[in-house]
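Look at the two complexes coming up: chain A is in both, with chain B in one and chain C in the other.
== the complex of A and B ==
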């Protein structure tokens, strides 16, 4: 290759580098490849991870009628990631005739819970409020609130989310303390909440924990499982989709999996192209 | 009627917020301000509701049995002295008590939960009948220890007279293993971050846009006009 040809190739490489580096191109392609599978579903198969299977088996092996505490603590942005997990797991729990006590340590939790209830009415069908499930609503105080609820729900809050005196609810009379719950499930978009439950529910009372979290929180929450402080993690939308398959109720999670696969393929292609460009430019001895 | 307004607003706000990816414009800023205002208003509302449910109503219903609730209410009210130039120091008592309670609660279990259990989790058998488990345990232990070595800044072996000693070489090797271990962890976090962001994007589409094509299209047309307007202004300026 003579000098002129090399120069020409260097220029075209740089031009390609600029095109690939244009953020609008990536965003446009992402939008296209996200929307296509929504209108024309590809129905790509998904496999069930060992992690989701473990959570499923754990819940499946609970005694019918067990008391379960659920912390609804995710924000509107995280709804797409956490809600599929929450819906599928709650269906499983209700099918197992478990009794659920819901609370929110975050301000957005009560709204997210009500949206979930409104958009998935079949989950609560035939279940009696106060007897099969209770929603305490928002409890202010962060870690102090978690500690208070673990010690005594009726001693921490006077009313549930709908203004009923907490002492009048039969379910709270039966399950009022962390020791009385067979399991606590934390659906959260905040890493702090995980610490609250590990420190205030698992460590003093040994209440088993399942943590339903965002994908981005996965690596940070991994030590809780390694140390035996949590039964298992449900990480991101994919875990929700897998659980939907296991309980046989397809929802948003499963619906999003095609788009997840196609959009991740685009990102992978861009990462490979970006690396090829980086190394081509670098091997030619040019500075970026 | 209210539901129709909700649908129009949710579709419009999602599109307008996303329009920032292309270019800053008035509709993006309007959506941003609405979001911030609504979030702040909602937080205040729900906090007051919580105060009402946990303290004010029980106190009003049976003042004698719930007399003790006056103490936390007063401590909470102390926070508002922050807005007084003369008595701002009083707020420190409220903050101090809240911090002390929070710290005491956390410290009750933090050493066990955050330190002892985590250290215990690394004390793994290095020889097991299962070769995969043995390998995993080795990786777990070696990378944890190496990553910890990376953060020891007080005692580090030095190169003596231009020649690295054996201690230095060993330290350097351990340090590199620690760095690579951390890079793998950061890589996993980044990959999960991408997955989360895409999940946000996809689920917003599925929940707020796809079921309402007319509303979404109207929002897109409006934001396109706003972007064109912004581009024309930028060119003129």
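== the complex of A and C ==
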């Protein structure tokens, strides 16, 4: 390759690098490749990770009729990632005839729960409010609220989310303290909430915890599992999709997995192209 | 020492220090069942106070938000006025729904109007804001995941494995991506995060000690 050809190639590479580096191109491709699988599903196979299987087995081995406390504490932005987990796990719990007490340490939680309940009515079909499930609603106070609910639900809140006196609900008469719950599940978009439950539910009462969290929260929550403070994590949409497969109820989690695959593929292609450009220019001895 | 300083500084500091000692003792020390049953009432009472204060703080926050945006409108900053007006309008709407719930006894959660606003305004806007992050993340990944040196190459490899391990595509390419991703998250990642968690714990202990010793005053909103 003579000098002129080399110069031309170098210029072409730089031009290609500029085109690939254009944000608009990446953004447009991302939109297209996220939308396409929504309309034309690829139906890629999904593997079940050992972690999701562990959560499934743990719930499956609970005694029928166990009392479960669920903290609904995610905001609308996290709905896509956490709602699939919540729906699939609640279906499994109800199938196991478990009795669920829901509460929210975040203001958006009760509304997100209502949206989930209205959009998935089959989960609650045949379940009686007050006996099979109860929704306490929002409890202000953050960690103090978690501590109060652990000591006594009826001692902390006077009414449930629908204005019923808490003392009139048969389920709360049966399960009022952290010690009485076989499991506490935390669906949250806030890392602080995980600390609240580890400190106020697991440490003093040894109530087992399962943490349903966003993908970005996964790294921060791992030490809780490693230390034995949480049974396991359900991280992001993928965990929800896997659980949907396990309980045999495909939902939005599974539906969005193809979009996640194609969008990740686009990002990976761009990373590979970026590295090819980078090394092509570097090997030619040009500074970047 | 002046009387005003005692009321303004010393009394709140002493209150916080005493409550901190009592709560710490109740949480960490072994106390026999009879004593614990007696103390449990006071423990629950303190927790309930805290919950009531937090609920009232939400009202203070709402009033403060309204004051802030009214002040912005009064300043006649043209670009800001529409946003402040929208914020104030929506705040008033939520307050109206709350009073409607109080007056009629229909809980706010079951009001179809409130649910409609939440489902059609709050949920899509909030989701859109979060979703926009994907573009920034994608752009940042493209620019930063360059194998410039061995540590950058390691970051690139780990990043790619975790990305593929989170997708069905990764499973199609090689089924080993999922367990490998799980190993990365549970072993090296947990090891890296554990010191941060321990550091947070130690920091909390130091903060508690500073509060008990009355060295920490920033919580009172001043440095005197």
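Things to note:
Simple rule for what comes next: the second predicted complex is superposed on the first by the 288 of 288 C-alpha atoms of A that agree within 3 Å, B and C clash if a C-alpha of one lies under 4 Å from a C-alpha of the other, contacts with A are read in each partner's own complex, and residues count from 1 in each chain.
Keep this in mind: a residue touches a chain if its C-beta (ideal position, glycine included) is under 8 Å from a C-beta of that chain, and two chains touch if they have at least 3 such contacts.
In this text the structure is predicted, and so the values were computed from the model without any measurement.
When the two structures are aligned on the shared chain, A:45 is found in touch with chain C, with no touch to chain B.
After overlaying the two complexes on the shared chain, residue contacts for A:71 are found with neither chain B nor chain C.
Judged by the touch definition given at the top, the superposed model places A:232 against neither chain B nor chain C.
In the superposition on chain A, A:162 makes contact with chain C only, not with chain B.
Legend: residue contacts after superposition of the two complexes on their common chain; A:244 is shown touching neither chain B nor chain C. After overlaying the two complexes on the shared chain, residue contacts for A:176 are found with neither chain B nor chain C. In the superposition on chain A, A:279 makes contact with chain C only, not with chain B.
Of the two partner chains, both chain B and chain C are touched by A:219.
Judged by the touch definition given at the top, the superposed model places A:256 against chain B, while chain C stays out of reach.
Looking at chain A, you'll find residues 23, 27, 30, 34, 77-80, 107-108, 110-111, 137, 139-140, 142, 144, 147, 156, 163, 204, 215, 218-220, 223, 226-227, 235-236, 238, 260, 263-264, 267 touch chain B in one structure and chain C in the other. Those residues of chain A whose C-beta lies close enough to touch chain B in the complex are 23-24, 27, 30, 34-35, 38, 77-81, 107-108, 110-111, 137-140, 142-144, 147, 156-159, 163, 195, 198-200, 202-204, 214-220, 223, 226-229, 235-238, 252, 255-256, 259-260, 263-264, 267.
Chain contact summary for the complex, chain B toward chain A: residues 21-22, 42-43, 46-47, 49-51, 53-54, 57-58, 101-102, 105-106, 108-110, 112-114, 117-118, 120-121, 140, 185, 188-189, 192-196, 198-207, 210. Interface residues of chain A, counted against chain C in their complex, comprise 21, 23, 26-27, 30, 34, 44-47, 49-51, 75-80, 107-108, 110-111, 114-115, 118, 137, 139-142, 144-145, 147-148, 151-152, 155-156, 161-163, 204, 215, 218-220, 222-223, 225-227, 235-236, 238, 257-258, 260-268, 270-271, 274-275, 278-279. Contact residues of chain C toward chain A in the complex are 27, 40, 43-44, 47-48, 50-55, 58, 105, 107, 109-110, 115, 118-119, 122-123, 126-127, 129-130, 134-135, 137-139, 141-143, 145-148, 156, 160, 163-164, 166-172, 175, 178-179, 182, 185-186, 189-190, 192-194, 196-197.
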